[in-house]
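Next come two complexes built around chain A: one with chain B, the other with chain C.
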Partner chain A sequence: MHTMECPTHEHVSRRALLKNTLATAGGGALMNWGSLFNSKATAAEVKKNQKRCILLWMNGGASQFETFDMKIGRPTGGLFREISTNVPGTRVCELMPTIAQNMDKLAVIRSMKTSQIDHPGGIHLMHTGYSQASGIRFPEIGGVIAKYLGSEGSDLPNFIKIFSHGNTGAGFLGPKYQPFSLSPEGRLPSFSTSNLNPVNESRRNALRTFVEDSYASGHKAETARMHREAYDASRRLQNVQGVFKIDGEWDKYRDLYGDSAFGRRCLMARRLIEEGVPFVEVGQSSYDSHADNFVWHRGLLPPMERAWAGLMIDLEQRGLLENTLVVWMGEIGRTPNVNNRSGRDHYVRSWSTALAGCGVKGGLVYGESDENGVDVKDNPVSEGDFFATIYKALGIDPETEHYTGVRPIPIAPFGSKVVNDVLL
Partner chain B sequence: MKINKPIHTWQLKFEGEWPTSVAFLGNGNRIAAGNRSGQIFVWDLPDAPPEPTDDEKDKKNEKDKSPPNQPPSRRLDGHTNGISHLRASADGKLLVSSSFDRTIRLWDVDAPASGKAEVVLDAKERTSKVRYKSGEEKDAILNAPGHMIETVAATHTLEGHKDWVASLALGSDEKRIISGDNSSLVIAWDVETRKEISRWSGHQWNGVVAAALSPDGQTALVSEYRYKRDDFDIPAAALKLWNVSDGKERLDLLKLQFPKLDVTASTYGSAQMWRKFVKGGLLAAEFSPDGKLIAVGQGGETDTGKVHLFDSESGKLLRTVSGHRYGVCDVKFSADSKYILSSGRDTMVRICQCADGKEIATLGKERGGQFKDWLHAIAISPDQKTAAAADIAGMIHVWQLQS
Partner chain C sequence: MSSSKNLSTSKLVPQKILLVGVVAIFLSANLSFSEDRLRDVIDGHVESAWKTNKLPPLAQSSDGEFARRVYLDLLGVIPNYAEIVAFLDDKSDDKREKLVDKLLNDPRFAGHQAEVWDQVLFGRNPPGYGTDKRSGFQTWLRERFKENTPYDQWVKSILRAEGNTVDDGAPMFFVQYKNKPEDATEAVTQKFLGVQLQCARCHDHPFEPWTQLDFYGTAAFLARLQVVEAGKKNKLPMYVIGEKNLGDVLFTGPVTEQEVGKKGEAVKPKFLQGDPLEEPELPKDFKEDRNFPNGKVPPKPKFSRKDQLAEWIARADNPYFSRAVANRIWAQFMGRGIVHPVDNMSESNEPSHPELLDALAAAMIEHKFDLKWYIRELVNSQSYQLVGSGELEDALPKWFERARTRPLSAEELLDSWNVAVGYEAIQKASGAKPSEDRYAPLGSGYLMQFFGKPNNGVGDFQGGLHEHLYLNNGGIARLLSSAKGGLYDSLVNSEAPWEERVDKLYLSLLSRRPTTEERETFVAFLSDEKDPRTRVGEAIWVLMTCSEFRFNH
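Here is the complex of A and B:
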């Protein structure tokens, strides 16, 4: 039986080819026909731009009322106060003084209106742009960006998570675009380093190659090829182990990023981006403040905002910010009402995210919530709109389609609208 | 203090933002309370509550019967953010308030009024009453006039802090104040001159969450805590005694309990050890009036918050008493230092003997669903006959401790 020269997820099925050819011949939209072959062409085009993305993931859902959409003097306002920023007329929470001084780099969206209110659903939604669906494993944004902006055969993985959240991974894009996860401290996983001395390791690899070559000559199975690629990638990682050792540089950058675990993760992200990794996700956990919301945000926000601002400053000073998109978000927002545990619960009718760098208009606030932050007043932004905007900023056409079977799936959901107002 | 079949005598409405603090002013009939929006009200209560009306007598269900309300007489205006604590001199002539607006204010509650204001402190009850009403009847209830009361301005404002003033104590000699803020700065103040005596800071990542002064005003007990900065980035809490005169550390009580722990470590494993003792922060702290004991309460949302009693001289942990489901909010000693009163997130005040930890009485009832409301703060009248608690549901409860 014959072998597949391309992975199943990129393979055009006879049925799909026939279907779309007929659709085109029948005067239907050209979209499907074109997209059957457009993903590789798109990837080649966007890679020329060397665009990168860092996702700062606030796991659990940071409160919009304690960050970018304060309601001072309203019953929903909470305990913190506003401070002015370096953008006249824009004010943010007093817990974010460093971000306030770098507000001219940020486009804040105060009108997120999304569809998944629980954590698993929200984490999936805000990593993929899609709600979970049976039978389809949607790829995370990191997998999509790895595919379109990553380099084949690079020593470093194209999709790296530091303190990962969410486990959707590359979904239907396949194992090639799976995330490579570092520990919360930024350490490499144990499998990525060899306990053998170099001579023995080399001999073992030669033996493994011989065995696999022998097997592959008689078995053209996809899994064998994937295994060899994964092993090769792991071996190539040995060439760049130094990138993951940040102690030397940390002494110099501790003040800029702030002395925190999240700060170290952000410095690691900058190093990886600088080395050509197209997508890095940096996580901070514990924003799920059903109790003691103000105490929790008082603990979590200062180190986070310092590191976030430090990252943007560092990227800017190195000339990387204009081609690096920094995304700040979690999976949900938090309720206007404060419950009897001094907490705020899950909320998705109106919440906030932020973008910076890479074609984003800095110093902008997009959208508006109503006076108590209960609902979006102007310019609602759905998860699909948000993802379409991210992809557009990175030079990836949000309407680019993939196929699972015969079903076309655009990388941002059908009907999503790019928020062009936040882009240059 | 004598406790014998306590009676719930008053239930003062203070609806709106959460009541956070309460203090008696000179006697059991004058009470000040503050809330999370920065309001402070003063109530002057008659010696005895009014007789129940016929309607109230007719209520068959015991839980529908609640103690009488009384409107406040004065409002103390000035703070612009939540009140964290109220402390009063024994004669009630001096009231001190600390606030998240970063100031401390001193009040003469009997000062001439600065103005008048109409206040509505039963808005929630009005909303509840009109649920099935409409039209004019509904409007009449919602827009009924409030109470006209006098407003009073602070006599002095202390402005040394740059962050939330989350902790406040007044020495029993009433000459010194200690205040701690969310950046871990502690300031000791001279009451008469309102000048700083000393200032010092704790761990840069922590905030001061509780502070107390020894009866002679010479020693400060300071509790530091910060909720985790990250799952693996947890600063160590601190509980230390300091010399007020020069801000020098005298004794590290947590180091005594955990001598092998590296207090500079912020690892997850280390944090778990601390958490067993500290829980969500030792959020309430007091010296006993005889100066021999220290009490600290395990706060934050936790399984059961207890009160640790230490020997103030040696720092040795004597015993752990009481127990509030979901955490302790406040602790106070009786004047004879025999009892420790604690309030918590179980809507209860618990009274325990210091000598053996035995719980001898409780005030209040557990109320709410899975998570109860909090009794955020408690106060004991100088004559030791009355206790009061600030309830986040918008009430100040007053109990006569002997029937």
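Here is the complex of A and C:
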């Protein structure tokens, strides 16, 4: 693909370029790996917006009945009370007082209806928009965002997870968009830090560069190029190790985010976003409350909601919220019925997610479940619709296609509909 | 560069003219094309596709380039210093063919091919309980390659699930799909027939001829399988595959029209795009025990649907079977399938060289699925032995107009590092007992994390940032041992001029001698300091981690 060198992509519309992918589809799976004219040009066009995304991942599946879709007085309602919020008429669970005071920033979707009811399937689904299929490795949303919103040659990786869930990674997008995962405590992964004397490291690097250059002068295969680029990225990471050290800043922000592990993760996410990382996922685990649902939610929700609200306030104060999409979701919801162990099991016929920032209409509740929360009454939102909405908010065309072999795979599944009502 | 010098004696162009001549003689003598050597048939088709696509002919690989490629492809490891020097210094004309014969008879051949197929059949993260510990299967598969058991026969054993998982291994394949006949159907058709039915699981396939009834008709053959625990052996749970007399898959129509509580209809077994299975009726009053007892080998059913499927799949005249394996092994050595990807042979995914694929499949049948013969022909072809360098960016060229660039697997990397640094010699010199760990000394944990799982399943190169962090920041320090017997020790404690030592370094790691510029650069780097110890370690590290080492090209 020699056309990738061509600078004319500035003048070509994205639609035309996407059509171009059809003509070159025979090129095979490798063509998606950041080397293709169309992909690169699309990326360049989208990147101007400087949009970012933080995904708050509620692993195990938080209960809609204990958060945003309480059924007070109904047989399916739980033990907690409802409180009012700063949006008249909207009420949420008493375990989320800080979020209640920031509801004007949130668009809550109370009508999620998705297709995978167990954890592995759900985690895959809600990270990629697709159900697992043998032979196809779908990219996670972080990989897609890294590709279209990330910057080439940045010191920091473009796809970072803190307390990672899901292992699909960049899928067929290739190694450049693989996630870089920090531990739940925010520690860097093993082997991230060079312990070599810098003199030796740079001497060794000079010799290695000579070897790589002489190989590259005769061998142009793109896999080898990716290997070289990844090596460069591994060295650049040494320049920014300070970004991951948040102790000093944590002292100042502990009150805003709340003194919790999840709060620290959220502060880390804000720092990374501020440094230009386009996608950060922050995990909290585990909401899988088959027993003692109320005890678990009483423990997990307060630190989570405090940090979530703190994060939105912090982003807003820095002028980052209007370009940073904050997504709140897990892989599944929980059953209307409380089982005989005071638990709620897996449920996907009707559950809740939330969005904030980046062109999302705040203070809005979209969709409705029926009176017992058994099924969606109004405006069902599928996983595909949800992903299409996220991509649209971020300025990425949800119909953007990649190819595995000859099969076109749009970043949001065929037929997905953007929920335009939640966008400004 | 390795490719720019020392072209082998067999230049392509004269060979091509010769080939055309040979074909003409055969044709005029009224002999069938198939009596030609398969290697020549391959080259004829590949070259004619170059012509059609106006691609210039390419030079052949250098000897060092070829040796490294064929060692890795046949044995899964680079040649050691003595082996590569012996090959490079061999002056005979037929030394490549002799090397191929030698490697095909090397015990490591069976081991490596078995590891390749183990990945095809299981992958890095196989489903099913206990399938990650499958040494029984792996040993069994290695024996198949050692004995060169015809492919159709060992596939039949896997599908008939003969024996137990510890002694015979074969039944382990179905343990992956315990109680999931639909998953087993997807896997069996994809791995052995090269077709993807998974779309037809939920709806008739939008682009292909497969219907949902094709899918469930195939699944019906496997609906009665049960994974039965038959005691323990060698501390491992031992499984056998049992099969019941009753049991059906139920078909409920397109998934979008599904309703809660709607029960489907039983589907009768039907061969893919073929006839329904004729099966004897069971007596009207037949009753079956609900479950097979654990710890015992279950009785055979009166009529085995699974065996009928196994026989049909592995029949020579099965339109899918021979093409699928011919194409899959072609891709293993040539980088991409003639149909690519190899497990998606369908009308919408046309072969790049349809006549060649026909010829390969016919040869596979004619030679009774003799894989060793087939592999020998592939690697002896000129098409396999092309240069690996060039301007083309595609790692797996569609017209085979350059050797493919493929990443080494985790096992190939480890074994090659070990051979290069003399790990075995170090162990011997230290008097330590040889480790029983397949992944010594780096350990399977890190190897799988950084080099194994990122390449799982589809085979795309996923080596990104993380593998370099591992390589840069101490992960492979154990291989840089200065102990007696190893490469490091032999370079540091040698009296030879640095030029010779740099040659040894290059031959040990990259299976070739350095260019003049490379030799000068390395000599300058190594002889610059009074104490060269650190620099020798750094130079070894550089060649262990460079792209030329990381890929087979």
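Convention: the second predicted complex is superposed on the first by the 371 of 424 C-alpha atoms of A that agree within 3 Å, B and C clash if a C-alpha of one lies under 4 Å from a C-alpha of the other, contacts with A are read in each partner's own complex, and residues count from 1 in each chain.
Note that in this section contacts are C-beta pairs under 8 Å (C-beta built on N, C-alpha and C of every residue); 3 or more make two chains touch, one makes a residue touch a chain.
Because the structure is a prediction, the values reported are computed rather than measured.
> Is A:P303 contacted by the first partner chain B, the second partner chain C, both or neither?
The first partner, chain B, only.
> Would you check which partner chain A:F68 touches, where first means chain B only, second means chain C only, and both and neither mean what they say?
Touch status of A:F68: no partner.
> Once the structures are superposed on A, label A:R235 by its partner contacts, choosing first (chain B), second (chain C), both or neither.
A:R235 sits against chain C, while chain B stays out of touch.
> If you stack the two complexes on chain A, which partner ends up touching A:L79: first (chain B), second (chain C), both, or neither?
First partner only.
> For the three-chain arrangement built by superposition, which of chain B and chain C touches the greater number of chain A residues?
Tallying touched residues of chain A, the top partner is C.
> First (chain B), second (chain C), both or neither: which does A:Y403 touch?
It touches nothing on chain B or chain C.
> Mind working out whether A:S260 is in touch with chain B, chain C, both or neither, as first, second, both or neither?
A:S260 sits against chain B, while chain C stays out of touch.
> Taking the superposition as given, does A:E212 touch the first partner, chain B, the second, chain C, both, or neither?
Once the two structures are laid over each other on A, A:E212 reaches chain C alone.
> Going by the contact rule set out above, which residues of chain B touch chain A in the complex?
Those residues of chain B that touch chain A are 36, 81-82, 100, 164, 182, 207, 226-233, 280-281, 300-301, 326, 345, 368, 371-374, 392-393.
> Could you list, by residue number, the parts of chain A that touch chain C in their complex?
Residue list for chain A touching chain C: 1, 26-30, 35, 133-137, 157, 169-170, 172, 174-176, 178, 180, 189-196, 200, 203-204, 207-208, 210-212, 214-228, 230-231, 233-235, 237, 404-406.
> Using the touch definition from the top, list the residues of chain A that touch chain B in their complex.
Where chain A meets chain B, its residues are 79, 81, 163, 184-185, 260-262, 284-286, 291-292, 295-296, 298-300, 302-303, 339-341.
> In the complex of these two chains, what residues of chain C are touching chain A?
These residues of chain C touch chain A: 1, 3-4, 186-187, 190, 196, 198, 336, 340-341, 343-344, 348-349, 388-396, 398, 405-407, 454, 457-458, 460-470, 472-475, 515, 517-518, 521-522, 525, 534, 538-539, 541-543, 545-548, 550-551, 553.
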